[in-house]
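By letter and in written order, the chains are A, B, C and D; residue numbering begins at 1 in each of them.
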Amino acid sequence: MQPKERIARRVAQEIAPGMLVNLGIGLPSLVAGFVPSDAGVFFQSENGVIGLGARPPEGMEEPDLTDAGGGFVTAVPGAAAIDSAMSFGLIRGGHIDLTVLGGLQVDERGLLANWMIPGAMVPGMGGAMDLATGARKVIVAMQHMANGKSKIVRTCDLPLTSTRPIDLLVTDLAVFEVTQSGLMVMEIAPDVTVGDVEASTEARFEVCGDLKCMDEIRPAIAEVQ
Amino acid sequence: MQPKERIARRVAQEIAPGMLVNLGIGLPSLVAGFVPSDAGVFFQSENGVIGLGARPPEGMEEPDLTDAGGGFVTAVPGAAAIDSAMSFGLIRGGHIDLTVLGGLQVDERGLLANWMIPGAMVPGMGGAMDLATGARKVIVAMQHMANGKSKIVRTCDLPLTSTRPIDLLVTDLAVFEVTQSGLMVMEIAPDVTVGDVEASTEARFEVCGDLKCMDEIRPAIAEVQ
Amino acid sequence: MKKPLSPKAVADLVPDGARVMIGGFMGVGTPNKIIDALVSAGKKDLTLIANDTALPGRGIGKLVSAGALRRAVVSHIGLNPETQRQMNAGILEVELVPQGTLIECIRAGGVGLGAVVTPTGLGTVLEEGKQVLEIDGEKFLVEKPIRADFAFIAARQADYLGNLEYSLTAQNFNPTMAMAADTVVAEPEHIVPVGVIPPDAVRTPASLVDHLIERST
Amino acid sequence: MKKPLSPKAVADLVPDGARVMIGGFMGVGTPNKIIDALVSAGKKDLTLIANDTALPGRGIGKLVSAGALRRAVVSHIGLNPETQRQMNAGILEVELVPQGTLIECIRAGGVGLGAVVTPTGLGTVLEEGKQVLEIDGEKFLVEKPIRADFAFIAARQADYLGNLEYSLTAQNFNPTMAMAADTVVAEPEHIVPVGVIPPDAVRTPASLVDHLIERST
């Protein structure tokens, strides 16, 4: 399995029927491909739609129906169009069950930095700060390393996205839960050892006594509530 | 002319085409009857409609279309239904050109009290505080006296509706402008003298050098902007 | 998809003493079947959050007359003498809030804002006990968000997911309240299959609605 | 009734240095005719308030490439390298605002609220220089309302009074911006006679709109 596919596939297992889910652009958007279209999951796109569907067939694009990256999408039956005030009302108000965000750094307290590298890359935070602050559950989906350096650090030196810790971090090497005391590895990729994860991780972390393989097929996702 | 009719008729002359107008319940609601239906004036009702029309014919009432007093109304062509957040967004945000409110007391600074008599009558302020604070122009339409006492007082002893002075006060005896220095009588009713107004008014007021009769027909209302 | 509940089943979810938001303006746009069920079930000590208490015998007025309320957070009680009577008798505590502040505080409770900063009420008796915030030399009252345990919402039409459409002045407080309670129950006049309501016509997205009340048969 | 104006006539209303709000999200729901007219008229030193600067050659991206902007208050510039270049060169001042805070500050500017009290950005670099407000032991950032001289609004359909309907994700910032500027100009795809749009379909009431742009012929 490719690293990005492994990450997206694992994140998809956190999604249950009835959930309202916001996927960030880039890697997180791949997660939708691993959620069956009949699973009863609704995707929100912060530019203004609940019930985001797949890309339309060539020649059937609607210019007024796009995702937050500006790409053409469709709407599933039961979709709703909303304005930005409502969209972020839902996000900040805790009405989004789960958001999956990309990351530049996650530190050992579970804090996320994902919106700028001062002096180098300043894309802006878009909706990330509101999502990281307001969504009921925040998962970060990112590659473990970038340019040979760990993206999981002792303390973020990039500007934080929120002071609220994330809930789960899924990389190509491992799955970390954020607990009261910090990061805990719950699962690792096949052919990867805890030693490999330690070698690739600047942050300190604990290892769960019941360590699992992150490619393991989990039981069918349970319905919300 | 009856006192209430005189007041409503005079207030209607302050209304110009293109205006968005909110009329309070009671006496102020009579003003609509003196505005031609083709004048290009839109009435907002704070319960959620812009473009309030007349009472429907018997048997053609729509239970979901009422004014703020709960009475059946119609909608004119070009009407819009809005929710309460939008309705009061328009009111507080200065998008209502004119509101006409009833009054219990107006004092010589032009401050209004119209929502409770402690220990006696506590209807609640409804939308009055937002209207008095946010509408671009505030006119109070009320009888000059109640139970033999002047309703135009030195200082309101009833709880204030807003600390923002009103713009114009129209009673059955006179029309007062609220200026920097206080109340100024601009017009008086026919068969009424300035002495009569003084005798019926607790507040001090100035008298305009060019005093007019409040029943005089004024030139056709000019278009907004 | 949500299997619609009976009004009685919804009333059974509501404990005595609960905080309930109820949509409507002078009885228009009010979920009457839910109100009737709450009255029938003999609920007590409810805190009501609503625009008004309607008239005796109409909409929320029935809850007042049944003695179901201990406290009411409303903007207007002028047309319900029974509310005035219970207030004067010390049976019912009434907190009067300007209508624009009330709807905005409910919105803040629903959209995760920490407070409402409004000019309305500044310098009046409403200022007592409240924070005043100065922004660029202008002063404003700081009003706290309002949330409830339950929101009872009247809608013209729902689909079986819970997407809601409203009608004219029956909209009023309903869409805002549908964001601001732990459990949101909608009482639509009609329920239609999923896909029938166009996305642009939805005013309350289904994800906000926990339960639907069954249509009258 | 409003006689629709040409895009050029609207551009003539806008002085260099004006504050302009422009609807749209990555070019979707953006009033393109107005943008083209502003570019053709060679406007300078504008302050832009918008969600993003789109892509070079698309929507608001054209204003960036034309050098019409001195300052941009936006949530995202990541897909427009020309914005980044001008920012790094000190030509264009960029203030980045979280999207939810940006839309809410525009709303506050439009609905007469004194500030936005939000948890977003608390404890981050965005807190610098801002008031922190404590409500019941929780801390929030105080963000100021945003208004503009002009709001340029894209709509699916208008009537000749100026009532507006929007379409799907082309709605985005448009209805909120239509409340928050001294002069509001709408660019609808269609204009229909008064009475054609049902009251429940109107998202921006006509009284908010000062001018309509004529339909393409």
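Side notes on the structure shown:
Here is the rule we go by: a residue touches a chain if its C-beta (ideal position, glycine included) is under 8 Å from a C-beta of that chain, and two chains touch if they have at least 3 such contacts.
This is a predicted model, so every value here is computed, not measured.
Chains that touch both chain A and chain C are the following: D.
Note on connectivity: the fewest chain-to-chain touch steps from chain C to chain D number 1. Of the two chain pairs examined here, B-C and B-D, it is B-C that is joined by more C-beta pairs in contact. Across the assembly, the mean Cα position most removed from that of chain B is the one of A. Annotation: 29 Å between the Cα-based centres of chain A and chain D. With centres taken as mean Cα positions, chain D sits 35 Å from chain B.
Here the spacing of chain A and chain B, counted between their Cα centres, is 55 Å.
The multi-chain contact residues of chain B, meaning those touching 2 or more other chains, are 49, 75, 81-82, 88, 91-92, 134.
Multi-chain contact residues, meaning those touching two or more other chains, occur in chain D at positions 104, 107, 112-113, 118-119, 166-168, 171, 199-200.
On chain D, the positions that touch chain A within their shared complex are 25-29, 51-52, 54-55, 74-79, 84, 87, 94, 96, 98-101, 103-104, 107, 118-126, 156, 166-176, 203.
Residues 45-49, 62-66, 68-70, 75, 81-85, 87-88, 91-92, 116, 122-130, 133-134, 159-163 of chain B are the ones touching chain C in the complex. Residues 104, 108, 112-119, 131, 133, 135-136, 138, 140, 142, 144, 165-168, 171, 199-201 of chain D are the ones touching chain C in the complex.
Interface of chain B with chain D (complex): residues 20, 40, 42, 49-51, 75, 77-82, 88-95, 134.
The part of chain D that touches chain B in the complex is made up of residues 1, 107, 110-113, 159, 161, 163, 179, 194-195, 199-200, 202, 205-208.
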